[in-house]
Structures are given as structure tokens and as C-alpha cells.
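Order of writing sets the labels: A, B, C, D, E and F. Residues in every chain begin at 1.
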Amino acid sequence: MATCGLNESSQASPEVRAVYDDIMATRRVDWISNFWKALAHDATLLGRTWRSIKEVLAPARLDALTKEMLYLAVSVTNQCPYCIASHTAAARKAGMSEEMFAELMAVVGMANETNRLASGYQVEIDPQFKA
Amino acid sequence: MATCGLNESSQASPEVRAVYDDIMATRRVDWISNFWKALAHDATLLGRTWRSIKEVLAPARLDALTKEMLYLAVSVTNQCPYCIASHTAAARKAGMSEEMFAELMAVVGMANETNRLASGYQVEIDPQFKA
Amino acid sequence: MATCGLNESSQASPEVRAVYDDIMATRRVDWISNFWKALAHDATLLGRTWRSIKEVLAPARLDALTKEMLYLAVSVTNQCPYCIASHTAAARKAGMSEEMFAELMAVVGMANETNRLASGYQVEIDPQFKA
Amino acid sequence: MATCGLNESSQASPEVRAVYDDIMATRRVDWISNFWKALAHDATLLGRTWRSIKEVLAPARLDALTKEMLYLAVSVTNQCPYCIASHTAAARKAGMSEEMFAELMAVVGMANETNRLASGYQVEIDPQFKA
Amino acid sequence: MATCGLNESSQASPEVRAVYDDIMATRRVDWISNFWKALAHDATLLGRTWRSIKEVLAPARLDALTKEMLYLAVSVTNQCPYCIASHTAAARKAGMSEEMFAELMAVVGMANETNRLASGYQVEIDPQFKA
Amino acid sequence: MATCGLNESSQASPEVRAVYDDIMATRRVDWISNFWKALAHDATLLGRTWRSIKEVLAPARLDALTKEMLYLAVSVTNQCPYCIASHTAAARKAGMSEEMFAELMAVVGMANETNRLASGYQVEIDPQFKA
């Protein structure tokens, strides 16, 4: 079970419930995932994390699908089971097909491989790549 | 300097030179980066890595820009200085603007944060997220 | 199950049992956790690891609670489920309240985020920060 | 050099300068580090990151020194050179002595070791550690 | 369950089945693990990954046991539960005894510790170690 | 420069000098690397780390070369520049040829790739791999 338990909507303070309502309205869902319920024992942490996520994932120069795939690529690299499960679901909802997922995974796999090749071979940065 | 030195085109075997030529033709550049020159002391490793990268980064359901941004997101998460420098350059060449880079970094940052929040709070995967 | 099984006290050699006794005496508990039982198939590894842990976690300039919270911060960053569970318990026993845990997690989350921002933006170390 | 260059105070927009001013006032310093100047090409990212950092590092149940040491422990675990340099400086300013740093490092080292021992031995979580 | 389900031999295309047959022949086993069945929804990813693994793990200057132990050391460092389980089994099959496993784990543990000590103390590379 | 400076032999306490002497005798070298000089501001940390390293790297069921290659594989996976440089040198001294290094790197690269494929595809552990 989550470290501090889950803060269910029925027991939540008005402050927490307001965040829950904004999450459901923004995402057009009628339930709150365990992640938010687990953070909600600290209303400040919940509020800041949600506002940041909402700002960061809002479509702008990058569309919602691209952002969700980037989120998933990071979560896979960090090997976070919860985040892989939840952001796979979110990316699918945003339009990721199985073929796109397979291509994403192929890129993530190769990047993790070549990151170690570059580090392990002690490769110096080419002058052309310097900003 | 790279662990085994750099295998410059002028000293390279025909097998290695063929890979170099394919890299330059595919990427439409007239130089070879230190990464490939460092791997090239082992022609097998060079050949396999290049063929895999070429296959993985070729545009398909995901376009070249999206793939380069995913590659960069992984490299930033792993904090590989060489890969960050080279794939920032590659993503820019594929069309990434400064605004898109800032949005990418914002997603990568938040994903690295919430990956730890989910793990640290020991959040269980919601049944809705199970495949 | 643990890779080499668990070395229960009843089957353990006198050398292993002596370590178990020191663990229970030092921590004032009457049971041995799976971590130690799993290591105990190699008495040398068990002994060295326990002596190091005991030395490192003993209160000195930093008190026991601070040390346990640092241990937890690392475990959360590495996303080790066993270590998160066991060191959350240990930190609570040493006095960590739910509010302190939430503050710890907020710091760990932000540090993981800004570590990637600093790396991804290729920020150079300011001369003022050089030792 | 930083990916998008450094946004020096003299060229900064009023919005960015307001953040710079708040950073200097809060930290009681008269200069801005490269980290903030690098983020400042995106005023939104700069503002959100600073507000979050300010909120997270403000002393509450945990004092400023403990928070800075937690930040450093994460940065060392992630091996971020910039963050290690800047947060070592910040922790020293908050009161960390050389002896405290050595103890912190000893804990961080052992935690990174035992995280892998627990994972590698496939140790199951004891029922006593379940929340 | 795996993200895209498992591609069982009975439903697999001839292309996928040919890879399965080569895996079983090469490894002298009569079953296919979940890892390959999960990748097999993308025949290209399956084929490339298998050919690379086969090439990389074939005994050459390093024997099969050494290669499997290196694979396991990486998997433990990354804390990948699936890979730890499967490569512990593979290394045992290649001849790793319990004593060898314990020695491997001791090295992996210490390396993870001293990697952070070197980074955290900001140690500069000695000229003697430069390639 | 290292965080607390380097503790040169000439200024070192007898306790630290005794460790330096043991390092040079054990490794048959006539100099001390920056790693040990950086740790040496805390004689306890220096002593414990050296005794552990000495014990862990001593040839037993695994020979010195295999242990050094495992150490290097972990350091590459963690991307620690100092440790990659120093353990590449140590592995070479223990007999690692350029061909063996290339094979090691190929394994490390693929393991880092497939660790993410297994995690990202949410592959469940086969019953056959359970200990």
C-alpha cells in the first residue's frame, strides 16, 4: 500500500478536493489515480505537482501526444513501473498506436545502449556539437 | 582521448570506410563524429551499432524529429554529456526550435521528478492502467 | 524468492548467527529482515556489509534520523522497492513524521528534476562553486 | 557553453529580471548562477522551477541544512557534476562542515551499494515493512 | 501483463516463428521466454534485438560465462527485476556457482558505492589514467 | 579540484599513510591516485573503503581480470568518468586486451538496451526464472 495510505475523495479536505476536481475536468475522466491520492496527504505537494504537470503537458509547440511519449521514454529509462503503466495508458489515449509504441521503445533502447558506448569509450565532444 | 583512440578515415579498413560512407550519405554530412571513430576499432561493433541506429531512427509512424527528441530525452535522463551535445545538434537539424527544446526539457524534468514520487510513495498500479 | 534462498537463524553457522545477534542488539529488534538472510549465504559479504552499515549509520556529527533520511533519499532516487520500504520504516522509527516524509519527498523530487535540467541545458559550473 | 546560451541580467526581460531579483533576495547573494541563466531563455520554465525550489527548500519541519544535504545526496547519486558543485556550496553555506560532508558521503555510498544488493539478491519485502 | 500482450508461437507469423526457432536452437531450450514474446508484436524489433544479442553473447575473447556475468552486473546496477531473474538463470546455466554469484554481487555493490564517492568528492582524473 | 582537496602523503597522518602504504604494496605501484587522496580527509571512510575494495577485488572463485571487468561494466552503466578511466586502466593491467574491451562494451550496451525493453514492455517474470 502507498506509504501514507490513499487520500480518498470522500475524506479529502476542500483544498484537496479542488485539485481532484481540476484533474478530472482537465483530463476528462471521472476517477483519480492512486498517484494523486498518495501525494494528497500533503496538500502543498499535491497542488504544486499537479499545477506543474498541467502546465508542462499542455499542448504548445509540442502536441499532447509527443509530450506523453517523451514522458513515457523517461519513465522507461528510469524503469518506474507505476509511471510506465500510467503513461502508456495516457499516451494511448492521446493517440499512440502499437506501432508507434514499438518505434518509441526501439529508440529508447538504442539511446540507452549508445549512451553507455559514448561514456564507456570516453568519447570527447566534437567541436561541431558545441553550442 | 577516447579509450582506444579514434579510427580516422585515412587509416581505416575498407569495411570501416564503407560504414563511414554510409553514415555520411544517410546523414548528408561530410564528416564523421568521434563516437563512430571511437567504436571503429571494433568493426563488428561499429557495423551493428550503425545499422541498428539507422533502422531505429528512420522515419516511419514517428517522424525524424520526434525520434530525435525521444533520443535526447533519454540522453538527458541518463545525463550523458556526449549524447546530449550530439543529439541536441541532431534534433535541431531535424527541426527542433528553442521553444520546442524548452518544452522537451520541462517534460523530462517533471517526468524525472514524478518517477521518484511514484516510487517513493510506494504507489500501487491502478487496475485501470493494467494492460 | 531471494536468489539463494534465505538463511534462517536456525540453520545458520555460528559466524552468521553472531552477526544476526549483533544486528538485533544494535537495532533493538527481535527479528532479522530478509535482506540480511539473503546475504547470509556468503558469511564474508554479510559480515562486511553489516559492519559497514553499522559504522556508517551510527550517530556522529549527523544524528540517526538525518542519516536514515539521507539513506531513504538515495533509495528513492534509485527506485529500489525493498530499500524504500525498509528505510521508510527505519526513518519512521528514528522519528520521521509524515510531514517530514512529505518534505523529504518534495526535495528528492525537485533534485531529480533539476539534475536533468542542469545536465540537459549543458550548464557549466560557475567559478564560485569550484572547490 | 549552455545549450541556449546564458540570459544575462542586462539583456533579460522584466519578467526574468523579477525572478533574478527574488533569487538574490531569497538567497542573500548578489549574483545569479549559470543554472538560472541557462533556464531563463524560457521565462515560464524559469519561473516555475524557481518557485518550486523556493517552496521546497524553505525550512519547515526539516531545517535548511537537512534539506540541502538531501539535495546533495540525490545529486551525488545521479552523478550530476553541476548539481554536486552547486549544492555542496549551498550545503556548506547552510552549515555543513567537512566532517558532516564525509558522513553524508559514507551514507550515500553505502545506500547505493545496498540498493543493488537488495535488488540483485531479489529480496522480497518483509511483511513488517509494508505500510 | 505485457503492454501489447504475448505473441504465442501458435499465433505467430512465419517470420516471428523463424526467430523463435533460432532462439530455441541457439540456446538449446524448448520454450520461449516472455521477453521475446512481448517484443514479437514488432517483428523488426524482435529480429534486430535477437540478432544483436546472439552476436554479442557468442563466446569469443570472452567466454559465455564471463559475458553472462557482465550482463547480470549491468542488470543489477539498473535494478531491472526481469533481467536480474532471467540473467541469473542464464549465468547459472553457463556455470556460475553460488560462490561466484556472491563475489559478483560484492563487486557490483562496491562499484556502485565508489562510483558515487568519486563523483561526490569531485575527484579529477589522474594523468596516469588518461588514454 | 576535489571537494575537500587532496590529502598528499607528505601531510598525511600516520593512520592515512599506513593505508597509502598498503594500497601501494597490494597494487604494486609507487603512487596514490586522486580517489584515495580525496577520501583521505576522513581516515575512517578511507580505511573502510580500502579494506572493502581490497577484500572484494582479491582473486577467489573469480579471477582478478573478471572482477576488474565487472567493476568496469558497472562504472560504464553508471557513466562515472573517473571510475571508467581508472578501472579501464586497472582492467588493462590485469590483462584486458582491446578486443576484450570491445566485447565487454558490446555486452554492456545490449544489457542497458534490453533492461529498458523488458521494463518498458512490462514483461512478467517467467515461472522458470523464479529462484
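Assume a contact is a pair of C-beta atoms (placed from the backbone, for glycine too) under 8 Å apart; a residue touches a chain by one contact, two chains touch by 3 or more.
As the structure is a prediction and not an experimental result, all values here were calculated from the model.
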item: Other chains in touch with both subunit D and subunit F; value: A, B, C, E
item: For subunit A and subunit F, chains touching each; value: B, C, D, E
item: Between B-D and D-E, the pair with more C-beta contacts; value: D-E
item: Relative to subunit C, chain with the most remote C-alpha centre; value: B
item: Rigid-body rotation angle, subunit F and subunit C, from Cα fit (steps of 5°); value: 180
item: From the options A-F, B-F or E-F, the pair that copies D-F, where over half of the contact pairs coincide; value: B-F
item: Rounded Å distance, subunit A centre to subunit E centre (Cα mean); value: 27
item: Intercentroid distance (Cα basis), subunit E paired with subunit B, Å; value: 21
item: Centre-of-Cα separation between subunit C and subunit B, whole angstrom; value: 34
item: Overlap residues in subunit F, where contacts from two or more other chains coincide; value: 1-4, 44-45, 48-49, 52, 55, 77-81, 85, 88, 99, 105-106, 108-110, 112-115, 117, 119-122, 130-131
item: Subunit C to subunit B touching residues, read off their complex; value: 72, 76-77, 79, 81, 84-85, 88, 105, 108-110, 112-117, 119-122
item: Interfacial residue positions of subunit A with respect to subunit C in the complex; value: 3-4, 41-42, 44-45, 48-49, 78-80, 131
item: For the subunit D and subunit A complex, residues of the former touching the latter; value: 1-5, 44, 48, 52, 55, 130-131
item: Residue ranges of subunit E touching subunit F (in the complex, touch as defined); value: 1-4, 31, 33-35, 38-39, 49, 52-53, 55-57, 60-62, 66-67, 69-71, 73-75, 77-78, 80-83, 85-89, 97, 99-100, 103-104, 106-115, 117-126, 128-131
item: Subunit A partner contacts - residues on subunit C that touch it in the complex; value: 79, 88, 98-99, 101-102, 105-106, 109, 122
